[in-house]
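Reading through the structure tokens given below for one structure.
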């Protein structure tokens, strides 16, 4: 499999505060790669750096071998990386349909967009029932689905998901996990950031454990699942 | 009557029920942990009991006095003080100055004093006490550094130091070990125990990190979907089926 | 804040500057001396405005508060014959009262809404002056405010403040006193509480600082000094009208503090001094002058957002180098 | 107040409310998208009036052409504001606000030096005569403002709800970071917002040029009123701005007619203070700023 995304020794500073220190990550095309770790370990920061929302203070981000380290976020979206931010961040006063249209903002071909909307509705039946509802009035799970659908509208090569299970009921978590698998089966590569390590490792092919801005551990997801330290620290056993 | 008591506490945001009739009693000198999975309503709960939100219904009582609905500055004055999950501090003051500022409630804050400074004896007392707190929490070496230059761990300890500077009887900690590495966590756990053991201060903490809660708390309350799910000693909680399900319920998610 | 060394370093230039101001009447013309008096009044205004900004509440009605002090003085002195030693404190108290009334709705807002609302409420007061001919004199304002005097002609202690040198020294004393008091407040626990509110108002609440109370308080304290400045202005110019307190003047006040900076106590002093100098030097530009000031304001906001005071550390280490001392921190 | 006077005043209030709405929506739009607060919004209004003065009174083009031309010309000034003042100070609302105060000074001086400071440059009324409605005579020049506002504000509404770029603007206003993640360029959107903001101020100034004295300082009152309008309406809310514009238009007109204009301004400010005390976020606002 080809290497889709690579982070080389990236560090991010917010002012003087070090958010991540030295993170190197490889994502193979077609994989689900997960970043797990506690609050403040630097998971979200790493995603934000990939999508250009924050700039690394050192290191490099390569997408298909090309450096995207200094591209502005809107161009990074344009080359096929979609980021589903933490807390979903749908546009609350826009309808479901408008939110999806925003996801396809950079696309010029209306036919393609229409086809894509149908694809999204096939993944998320619930969204279809609510096309004209304001996104802010929907439940947390529905907003998560909308955020995922919106990301799919740009037909991305790589999807970055930040804590999709945050604040969702176990049933809704299962639903979201099922959809992630479905999207993956459709051929998308996914980087999944999760605090729910159990869920993340169940879904992923490969995992990185972050701790206070460093990669503390990495390995195949099934190996991490069996790792004693990981079990104790992140699975609470 | 309990030292600190929450009765039927509910908090709604529009249609969203973040907390639903939660009861909780904390005895004097206890270290109580409040835990729950993501989105269980811990933060809302914390913000309501510390006076940052007004509850939709229910009351919070501290030393027999209803404190819900009061300004949090007033609650601090009554002796219940909170810390923050983020590193909350005054970045451009030194560590010592931060703690001295936090001795607001124990100082003469009149304007006349501000202009003429005739009450220097009390300020000398505040300085001595601030230094004592700083030393007690192991920040002595950082005393003269600007707060913004501290490590994350030290910044969080400074937050606790500032809370202690108000001379509280109840210390409410919002995720005291969030974002810390394991050695920083160990230090914080030790400090919280020491605060209770030395000064007899009651501690109520909301925390995400299971290991910390288990090793630190006398008693644990578990929230899930805004409601109280369970309450008991750490060993009871860890073996409680409902708790396991709430935390790990997504076990066979990907079946 | 480092102690001994730097503070002794600070006080030496302060004494020199005060000495220079005492010496000024010997060398400058009467016209220049009046400009210098206005400058001193502006110093009080700018420094009290800087106090206001320590909580982050940049009001747009500070100039109006000065006007309140001026109107109160003018009316008390002219219509009621109140002597200056009663009129000045009364004017300051009235300004504090007005500040308090304004602070009540304003403390409900933060940030930008605060800024605009303060402006609108200031305009309200200005319209009150315009509308009510008794006692404010409408658009023509209050004219012929009696100059202040100490004693009467013939008394051995008689001082006539029609003499511009005498009034200059009178203003100088008030300016030095006001600066001293504002300096003490800035360094005090209360001053630090205000700065803390700017840094993190939630944290302040949690450690027992009542944020609303302190925001109202700072409004009143800053208003007090604006009132004093207005009082001095009324005596200096002898007549005031609503056009003296238009928005333009507030923009100039903002230019002073933006150019100087507000983070340190010295920023506004540098700002008001340098901009007053530029203002005088730019007199030949006539109507083009506002353009110059607009440009200065923009350039500072874009290229030197901290103001001239950000150069202070560099100047300080230069002078420390001259006297052979090493910087402490 | 007799019936005729009432009708007359009512119509005048509608006209004034329309102008306020047209001026204020631009301010609310710019603030909503990237918290750009333009202190010199009134000077953009003034610029619009001067476009009419130059193109219609001096050059002799038709009035309508001059009004239409005011849109792109003042929009360009708005874009210049964004590029030179707001973008370098992004993230600090007050800095941008104060910088535009400086820009206002500059515009006043430039216009004053070019076309005179003290003179009141009256523009000859192009639409003479008046319409008789329910016995009251209302000049065409004023009346024409109402359909103009309906077209302009309606056009803005259509743009924001139906056009992709307009939806992009709304997305930026609701969540700039999420908008960027969809590939929407924040710089383009802030530019667009200030373009529209300037254009609307320009057209309103242009329409008012034959009605009020044209001077370099004419914008001040309208700029201030626009700010009061957006505070009452809720800083970033366009619907709120329109609503508040008409409320203040009625307050100002009726009180001016019955008492005087100074009282009217005072009551307007007092109304704003009451709204702030009762609902600090404004009538239709939900963001605390």
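Chains: A, B, C and D, in written order; residue numbering restarts at 1 for each.
Note that contacts are C-beta pairs under 8 Å (C-beta built on N, C-alpha and C of every residue); 3 or more make two chains touch, one makes a residue touch a chain.
Because the structure is predicted, anything quoted here is derived from the model rather than measured.
Take away chain D in thought and the touching chains that remain still make one piece. Chain centres here are C-alpha means, and the one lying farthest from chain B is D.
The centroid of the Cα atoms in chain B and the matching centroid in chain D are 49 Å apart. Distance from the chain A centre to the chain D centre is 42 Å, each centre being the mean of its Cα atoms. If you average the CA atoms of chain C and of chain D, the two centres end up 33 Å from each other.
Contacts between chains close into a ring here, every chain touching precisely two others. Two chains count as a pair here when they touch; such pairs are A-B, A-D, B-C, C-D. On chain A, the positions that touch chain B within their shared complex are 15-17, 38-41, 140, 163, 165-170, 173-174, 177-178, 181, 195-196, 198-199, 202-203, 211-212, 232-233, 235-236. Interface of chain C with chain D (complex): residues 58, 104-105, 108-113, 115-117, 119-121, 123-124, 127-128, 130-131, 247, 251, 254-255, 258, 287-288, 290-291, 293-298, 301-302, 305. Residue ranges on chain C touching chain B, taken from their complex, read 1, 181, 184-185, 188-193, 195-196, 199-200, 202-211, 217, 221. For chain B in complex with chain C, the touching residues are 50-52, 71-74, 76-77, 81-84, 88-93, 97, 101-102, 104-105, 107-109, 111, 113-117, 123, 162-163, 165-166.
In the complex of the two chains, the chain B residues touching chain A come out as 38-39, 148-149, 152, 175, 178-182, 208-211, 225, 245-251, 253-254.
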